[in-house]
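These are the structures, in structure tokens.
Heads up, the next two complexes both have subunit A, just with different partners, subunit B and then subunit C.
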Partner chain A sequence: MLGSHIGGTIMDEYQTEEETAFVVEEVSKIIKESVEAAIGGNAYQHSRVNQWSTSVVEQSLSQLSKLGKPFKYIVTCIIMQKNGAGLQTACTCFWDNSTDGSCTVRWENKSMYCIVSVFGLAI
Partner chain B sequence: MSDLQKTQRRERKTSKVPSEASHGVRGKEAAGRTKDSISTVSYIDELAHHDDNARLTATMENTYRMGPDRRIPIPAVTDILKDVLTSYLQEEKYEVEWSQKMTKTISEVIRARVKDLMIPRYKIVILVHIGQLTGQSMQVSSRCLWDASNDTFASYSFKNSSLFGLATVHAVYFE
Partner chain C sequence: MEGSDTYLIRPNHQYKFKPAVVKECIREIVRERLSGMRYDPEEVPELSRSLAECIKDKVKSSGFDKYKLVVQVVIGEQRGQGVKWVQVKAVCLHSQSTDGRR
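Let's look at the complex of A and B:
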């Protein structure tokens, strides 16, 4: 038992602080690229919106997992047609402030809004 | 030259309009522009001594647990969401400032009630959307990279004649 406990603490020191923090700039860059790639120059089309939001979210998630950080991710995407309607969004979290973080990217073009939220929860 | 100025002016105006999204915590914003789309990034600004906090994070010892003792009861959580959304939004009309306050209030009420369920070792993320119904179309989707056997989510949507409300709760097990 003593042997396994020592093994555990030594393993923890292999990861530095930079690798275990939620870095907002990196994450937002990934999100912006995924959104541009999926819906870049398109106008809102109801028939394709399902496929677009799936591809935005899946691409973001696969890029985030490639970062190789010890995080669980929740990615939410809202695509809304521009119609003059209002939308309010709020989020609240019960987590560990020092290790977990979130980032929201709002993107728009002439015909639609896209809001992507990423929550990273440390394991 | 004047066309360019006009488009730049238009872009600057529209960048303040988007979606009136609000966040429960004061956030920082950074705007970027490409030729026909605008994007803004906002995130929760941690306290100024974030770096010190990160270094002082407690390193947890192994718990040697294989899984959670108690899982999140999805029907109970869905009932909470249904209850809160219906009671707060039943006969209301969409108004900008009222719904800004309402989203924050509703999300905090839901968080308090989910915490009252006293499920240990779970982290909670709650998202609330309130929008105006004007015949527009919209799609909300989410995907998660997590441990499917321990982590879960619940959501509920409510609609009346002038607005819709959508609440989602994600629960993530902390190993």
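Let's look at the complex of A and C:
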């Protein structure tokens, strides 16, 4: 919140609702870009998954914090080789429905799946 | 002059998030519910959902009722031996002193 004095009036600038809301499309775009940057064009390699998943979460978090919104973020990344095995994820949250949000992006190529979840908790 | 209100901006030490306690809550529930089970694609969606709910309820009632909680459950089918084909990583942007992760 900023205050500025213009002429004889005092104007307060509050963050608009748009600037303080968890916008799924915006978050989703950031995740997709982070995943593409980290693993796009790569085939599954066991020795690289650790580094890849770290890149995905760190890049996502860095871009999310640049949004400047009043949120705490949690980013999880799952990279799974395509070998016929099944994977199920579920999540439940105890939070404030009016301010908090989440977004999950599923990405895949010929050899692997990448599932990224972001949870934003309003401060 | 009237008395002023006191607000708690940080949890008292006894209510701080304790990863060890939460880890034990999770272990207990997973052990109880998944021991001896086989991966069944028909059952796993409901199973993972209910596991998440159970864990959330148990953690809430273990003294962390003032916390917002996010519980994520991942159940993967094991085919063949050894090779780790799933990598899970989590990173958070939060308050180091009060928040926790398990």
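What we mean here is this: the second predicted complex is superposed on the first by the 110 of 123 C-alpha atoms of A that agree within 3 Å, B and C clash if a C-alpha of one lies under 4 Å from a C-alpha of the other, contacts with A are read in each partner's own complex, and residues count from 1 in each chain.
The criterion applied here is as follows: a residue touches a chain if its C-beta (ideal position, glycine included) is under 8 Å from a C-beta of that chain, and two chains touch if they have at least 3 such contacts.
Model, not experiment: these values are computed from the prediction.
Student: Identify whether subunit B and subunit C fit side by side or clash on subunit A in the overlaid structures.
Tutor: clash
Student: Where does A:Val24 make contact in the superposed view: on subunit B (first), on subunit C (second), on both, or on neither?
Tutor: The answer is first: A:Val24 touches subunit B but not subunit C.
Student: Looking at the overlay, what does A:Ser65 touch: subunit B (first), subunit C (second), both, or neither?
Tutor: both
Student: Examine A:Asn50 and indicate which partner it touches, taking first as subunit B and second as subunit C; both and neither are also allowed.
Tutor: A:Asn50 sits against subunit B and subunit C alike.
Student: On subunit A, which partner touches more residues: subunit B or subunit C?
Tutor: B
Student: Applying the document's definition of touch, where does A:Leu87 land relative to subunit B and subunit C: first, second, both, or neither?
Tutor: both
Student: Touching A:Asp100, do we find subunit B (first), subunit C (second), both, or neither?
Tutor: Both partners, subunit B and subunit C.
Student: Could you list which residues of subunit A make contact with subunit B in one structure and with subunit C in the other?
Tutor: Touching subunit B in the first complex and subunit C in the second, residues 44, 46, 49-50, 52-54, 57-58, 61, 64-65, 72-81, 83-96, 100, 102, 117, 119, 121 of subunit A appear in both lists.
Student: Would you pull the subunit B residues touching subunit A in the complex into a rising list?
Tutor: Where subunit B meets subunit A, its residues are 14, 18-24, 27, 32, 34, 36-44, 46, 50, 53-57, 59, 61-62, 94, 96, 99-100, 102-104, 106-108, 110-111, 114-115, 123-147, 151, 168, 170, 172, 174-175.
Student: Quick check: in the complex, which residue numbers of subunit A touch subunit C?
Tutor: The contact residues of subunit A facing subunit C are 44, 46, 49-50, 52-54, 56-58, 61, 64-65, 71-81, 83-96, 100, 102, 117, 119, 121.
Student: Under the definition above, what is the set of subunit C residues touching subunit A in their complex?
Tutor: Per the touch definition, subunit C meets subunit A at residues 39, 41, 44-45, 47-49, 51-53, 56, 60, 67-80, 83-95, 99, 101.
Student: Across the complex, what residues on subunit A touch subunit B?
Tutor: Listed in rising order, the residues are 4-5, 8-9, 12, 17, 21, 24, 28, 32, 35-36, 40-41, 44, 46, 49-50, 52-54, 57-58, 61, 64-65, 72-110, 113, 115, 117, 119, 121, 123.
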